[in-house]
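Look for chain A in each of the two complexes below; its partner is chain B in the first and chain C in the second.
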Partner chain A sequence: MDAADREQLLARLRGVVGERYAFADPYEMRLYQYDASPETALPDIVVIPGTAADVARVVKICADAQVPITARSAASSLAGGTVPVEHGVVITFARMDRILEIDPDNQRAVVEPGVVNLALSQALKPLGYYYVPDPSSQGACTIGGNVGTNAGGPHTLLYGVTVNHVTGLELALPSGALVQVGGRKAAAASGYDLTGLFVGSEGTMGIATKIWVKIQPLPPVQKTLMAVYPDVETASNAVSAIVRSGILPAAIEMMDKLSIQAIEAASHAGYPLDAGAVLLLEVDGIPELVDELGERMAKACRESGATEVRVAKDEAERQALWKGRKGAFSAMGRLSPDFYVMDGVVPRTRLPETLAKIDAISARTGFKICNVFHAGDGNLHPLVLFDAFKPGQYEAVLRIGDEILKLCADAGGSVTGEHGIGLEKRENIRYVFSDDDLEVMDRIRRVFDPHGLMNPGKVFPGEVLEGSAPSRAPDHASRRAAAGIGGDDVWV
Partner chain B sequence: MGLNARVATLPGHEITVEEQQEFRVDDLLPSRVMRPADAQDAARGLRLCDLVPAAVVTWGGGTQMRLGATPRRYEVAFSTERMTRLLEYEPADLTCRVEAGMRLQDLQESLLAQGQRLPLEPPHPERATVGGMLAANANGLGRARYGTVRDWVIGIAVAYPSGKLARAGGKVVKNVAGYDLMKLHIGALGTLGVIAEVNFKVQTRPQVEATLLAHFEMLAPAIDCGIALARQYLAPAAALVLDQGALRDCGLAADWRWTLALKLEGYAREVEAARNKATGIIRDAGGRVEEGDVPSTFWETARDWSAPDDDHVVVRAIVPLTSIHAILNALPPDSRMMALPGAGLVDARVAPGSAASTLQRLRTAGGDQGQVIVAAAPAVVKKGLDVWGPPPPGFPIMRALKQALDPNGILNPGRFVGGI
Partner chain C sequence: MAELASLDFKRQIDRDGVPSPAAGIDMDLVRDCIHCGLCLPKCPTFRTLHHEGDSPRGRMWQIKEAALGLVAFDDPRFQAHIYQCFNCRACETACPSGVQFGAVMEMARAMTPPQNRRDRMVRAILLNGLLPHPRRLRIAGWLYRAARAARLPGLLRRSGAWKVLPLGKFAAFPPVGDRTPRRQPLPALTAAQGQRRARVGLLTGCIQDEMFHGTNRRTALALARNGCDVVVPEARVCCGALASHAGEAKTAERLAARTMDAFSGQQLDAVVVNAAGCGSNMKEYELQLRNDAQRREAGLAFSRTVKDASEFLVELGLQPPTRRITLRVAYQDPCHLVHGQKVHQQPRQALKMIPGLELVEMKESDWCCGSAGVYNLTHPEISEDALAWKIAHIIDSGAQLIASANPGCILQISMGLQRAGRDIPVVHVMDLLGWAYGDEGQKPPVVRRAMA
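And then the complex of A and B:
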């Protein structure tokens, strides 16, 4: 975009949101060039609208000017979902962070997209309710962003991911329309389920300006267990054995030896340093049952090779165990200046062989790979440790990532369980979908966004889209250094 | 060449008089039947229909054929009756992949052998197919606790009029790669493609099941009890309120004005705790818990009640929970009804003559956050009814989606919302 076009567009956008909330100063915009993925790209203009109507007006102005639009909230995306790779306008939701309504009678809450995930559950707690999906970044990530990626979290094993908890959306579309789909009642009773279609579309169809979510009664008691295994293989075989035993815990998380060391150094969660792998399991239930379930689960753990099973004695111990897990990625800074997070999924019965193959890749390439992940649903998060300032390392790590995603796909799994395709995996999506599959999806995208302006360069491989996005920038390390991005503040 | 001659060039075979009746949709009869052998075959067959172009109605078990408006055209009955295989099932993964023509009961039997189940109970599972359950979004009585079809489908393969067979989702329980087209096809009544294969996640069967019946002199407290129970952590697997007529239909000749029927499921201690809790809530609301036996067919009859094989007119309201009372108050006195208070759903069998006015009243009572549709009606009654009601706000997008995936409008033309 040339300077004159930018000035003209900026003036029009300021006419909607006011002088203060639209800016194009390169220094101010630096904050908006990255998310939690390694890629960066500067927007031309950043807009911070205050209302849904303003979002619709901003989208319309941009669409009329054929300028790309990227929605961004907390920018905790690990897949580059909010990096404005084709520049244009970034719309951010810092001012749209209101919980509009809590409606226990209908078991719903209505929120703006910028509401922080955890803030909603905290607001619901006094009423005995919570919002179930709990990404590890829940202290920062927003419900709007969660809708974009169809976010998961440890406790989605039993209760489902974002799409299972969203019943309605208000959408700002490139046409300029502000449309409500679904709403307070149970999802879609007549007409196509546009709510379900939109969730997880990563900002490529439009922008959610209002979200109706289900709220659920808090479980009376939660029991958290830590099971210690001699190695990753025994632990991953145990996952299938536990699930097959008939108990589906609310969460089953796994951490390998390297992760345990990093976590213990950072947060003293109480994981044994000599363990080969640790499973963190949680069941919820009524007081008269939860002990029995805990015992049955402990028994299943021991029978599947656990050398030690420890039950959290109280809430403090439980919180410590979870704090370690949820802070795992931040703790990796203790081990390595940089790390690259993958998000593959395999059927849980294929966990042992997949982890063995990942281990072999690590041995072959010399890069250390940690595994901290949602074992219960087979959602792997291998972390490849590297140093971006060493020449060639970043490129090598990308190749490793690609290889890992390929083996997940070949095992009958997927290339992303909860982070989204974003920018990062737009070529890897071919491992799970054929040209025909992608062509149908692209046709649907065009219904919403005929000119390819909504978060362009994401989800679809370059060739599927007209005017494909630039490939990964070669000077990653220097740009990353210039942007001052460290290895902290990343969750999964 | 006229349309009939062109239709006659399609594979499959010309339909016999008996078959014509078997594949009747309202008062329309097809001239040809196609029975694809598998998903690829379905895509090829659909492409040929599109070239004619011949209007296609996809057939599974035919249990939801009374749902929707009468199609504008109907040439080819596209039956999934040969696509009945269980393609993959790994019990330890709690997932399976099946062909769309598989009968739900057959699937449940395969799962039962491993102590598992799909917690969806649409009407007539002995005939209903997996594909039909998705297309009609046919949910059972357990939806307040277990969710609906959209919560259990993890992958899908769909044949499109373009001849493409395209997949979405996958075989794993957690997956955000690509667009969630499962959601798009669930409840689309076959207007966007022919569902050919479906991947499900499944669950372990509950340890214990129990039924609790209570009767009430007044409707409102029975409904409030149902809502209050659905809000509990240990929500019932089903909480159903029936009037006397519906209760009789379900084989209970008791003289109860309003009945709250609860199905409790879970671990033994949970069921016991849920029973105690429910008993307390019911008594506080002035209801009376009945200890007598429940006919073994009670839940099955209740499940099938909303999809009658005969000429009953069934009106369905889906509303926010707080609007349920308004819906019930708007029902005509000669109707029979079943409500799932915790799911915000009311099904009523109404007299054909009062169907139109009932729809009108319910739509007003349901407000703009509710939807009221005709779930089943004979052709002659349907003609005078607006079966879907006014199109929802996102309708222009829906129409554009239809145009994008079925540009010649061959799939169930006119049967869906807003004439789609």
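And then the complex of A and C:
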């Protein structure tokens, strides 16, 4: 964007949100170039709107000016989802963090996108309710971001991910319209499930400005078990064995030796430093049920090779174990200056061989790889530790990531479980979708965003060359144009 | 427009080699931050200002960029964001990566003294001109008490003059502390009562000793009643906390050395501090003395002996006080105690030992009240916003009295509550303990009634 265009656009945006909340100072732009992933790119303008109506106006102004729009709230994305790779305008939700309505009897709450995931559950707690999806970054990540990536979390094994807990959305579309999908007081199933379509679309079709969520009564009792295994293979075989025993716990998490070291350095959670691997399991419900399930689960763990099974004796111990688990990624800062985390998924039964292959990659390349992940879902989070100040390491780590994701896809899994495709995995997405698959998705997206302005450069494969003019069209566009699909108005 | 160099470490390093960071910034500490964002919801200035540049992650990023020469340390925007930080270190408590934010912030501030007039004045007058000089402090203390004796605060309030005078709000709404003229300094040795269990030094401090002399006396009483010989060094010292937290590295280093000298050779089991900011600073003397190769080791050794008063007493095993104080009390965590020293439970445990005292929790007790060292003088608007939250939570809690453990917080919250027209005194945990042990000094009416 040239300076004159930027000034003009800035003036119009300031007309909506005021001078303080729209700015283009290059110094400030540097602070919106990153998220929790290793990727960076500078925006031209940042806007911090205060209301849904303002968001709609901002989106319309940008769309009219043909300027890319990237939504960002906590910017805790691990996949570069909020990095404005094609520059343009970044909209942040730091001011839109209000809980608008809580209706326990109808099991619903209405929130603005900037509400922190944990803050919602904390507000619900006195009423005896909670919001189930609990990404490990729940202390920072927002419901808006959760909707964008269809976020998961340890407790989604039994209860489902974000899409299963969002019942409606208000969306700002590039047309300038503020539309509502779902969000009826009673569960309704009339017409297309557009809510389901938008959840997980990573801001590529529109921006959620209001979110209706389902809230659940807090389980009366939660029991957390820690099972210690001699090695990763035994532990990963145990996951299938536990499920086979007829119990589906609320959560099954695995941590390997290296992760345990990082976690204990960070929070003294109480994990044994000499364990080869640890499974963290949780069951919840009424006391009688939980006792029974807990015992059966402990038995299944022991029979599958656990050397020790420990039940958290009180809430403090339980919280400590979970705090350690949920802080695991950030705790990697204790072991290494930089890390690169993946989000591959494999069928549960293929866990042992996949982990063995990852181990082999680590041995071959010399990079340490930690594993701390949602074992019940087969949702792996291999963390490659590296030092970005050592020349060549970052590129090498990206290659390792690519290899691991290929491995997951080949095992019948996927390249992302919950972090989103974002910037990071847009090429890897080819491992799971054919060109035809991608084309269908792209056509759906363009119904809402005909000019590809919403969070461009994400989800779909495509080259974005540094310093060159932004290319918003996915690289299968030419093939489609040759086939006579779409027109110039669509394919910018 | 020409693009600024992007902080794309990974590829840039392949292209240009490893950058050499600025001297004065410990890059290892800076790189502990992996910009995950878990600190953002805990940052009081981010809550008020909403800009990434005013979040802990944003500040770490800016310091990283400045250290690598991508932005200048004296860039006014860098300064604005860096000095807009409370340095309350709530982000440290939230951080799973173990970033030592306070240490990094102090290094960054030391690289770039603030350019704006208000900041420079506060530094020249207060941090460098007054606090390090015992005689000037005594004169200031005398003036302060004389003004109170002349009922100047009431005059300022009634006339509305406080609204236009610089520092008017602090002059018009002074804390309940000691109104009486300062009596004798604490004796060099207060002997242990009953069986002798320890020999400790007590830091009487600068502001603490002038404005809260009674709190020091009650701290000594509480220690003595728990079997401690209490040694007070003859040389009155300021530990340098306000200077170090504001990035006045030279003054901080000098005062650290002087404080260590004052306590040396006394065969002490511990150096007890009742001001959270001072305690936190003294526990980090190694950092303050980082440029002094000879004293650095000694600083580390000294730091290990430093204890907050309630931390020390609770670890020692507090003798239950006997006097009843029938009051509903909420405890406000000073940032430099809960985040800086990780002392959270001990003050509460000490309060619960007092017969009749009911401890209630207020919302966000571990959020900064906006006092933040000299911050309420340098950045009054942002400070007022934090104070407004605090006052609202205090009123919601239903507490009749607030206990805290740092002079800055006590001053700030006291002023806020008075201005809101609430008769809720703010006192030190050691005040309550001291009264419960039988101290006969002046008490706020609320406490007098509760002990009747």
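Observations, loosely collected:
As a working rule, the second predicted complex is superposed on the first by the 458 of 492 C-alpha atoms of A that agree within 3 Å, B and C clash if a C-alpha of one lies under 4 Å from a C-alpha of the other, contacts with A are read in each partner's own complex, and residues count from 1 in each chain.
Throughout what follows, contacts are C-beta pairs under 8 Å (C-beta built on N, C-alpha and C of every residue); 3 or more make two chains touch, one makes a residue touch a chain.
Not measured: the values here are computed from a predicted model.
Once the two complexes are overlaid on the shared chain, A:38 sits against chain C while remaining clear of chain B. In the superposition on chain A, no contact is made by A:70 with either chain B or chain C. Applying the stated contact rule after C-alpha superposition, one finds that A:354 touches neither chain B nor chain C. Legend: residue contacts after superposition of the two complexes on their common chain; A:259 is shown touching neither chain B nor chain C.
In the superposition on chain A, A:105 makes contact with chain B only, while chain C stays out of contact range.
Once the two structures are overlaid, the count of chain A residues touched is higher for B than for its counterpart among chain B and chain C.
Legend: residue contacts after superposition of the two complexes on their common chain; A:394 is shown touching chain C, with no touch to chain B. Across the interface of their complex, chain A is touched by residues 90-95, 115, 137, 143, 147-148, 150-151, 158, 160, 164-168, 170-184, 186-188, 192, 203-204, 207, 231-234, 267, 269-270, 273, 316, 318-322, 343-345, 369-371, 373, 388-389, 391-398, 400-401, 404-405, 417-418 of chain B. On the side of chain A, the complex with chain B involves touching residues 104-108, 149-150, 152, 156, 160-161, 163-164, 171, 173, 177, 179-181, 183-197, 199-201, 217-220, 240, 243-244, 246-248, 285-286, 288-289, 292-293, 345-349, 374, 377-379, 412-421, 425, 429, 432-434, 436-441, 443-448, 459. Note for the complex: chain A touches chain C at residues 2-3, 6, 21, 25-28, 30-36, 38, 40-42, 48, 74-76, 92, 94-95, 116, 118-119, 137, 139-141, 265-267, 327-334, 337-339, 388-395, 467. Chain contact summary for the complex, chain C toward chain A: residues 1, 3-4, 6-11, 13-14, 17-18, 28, 31-41, 46, 50-53, 58, 61-62, 65, 70-71, 75, 77-78, 94-99.
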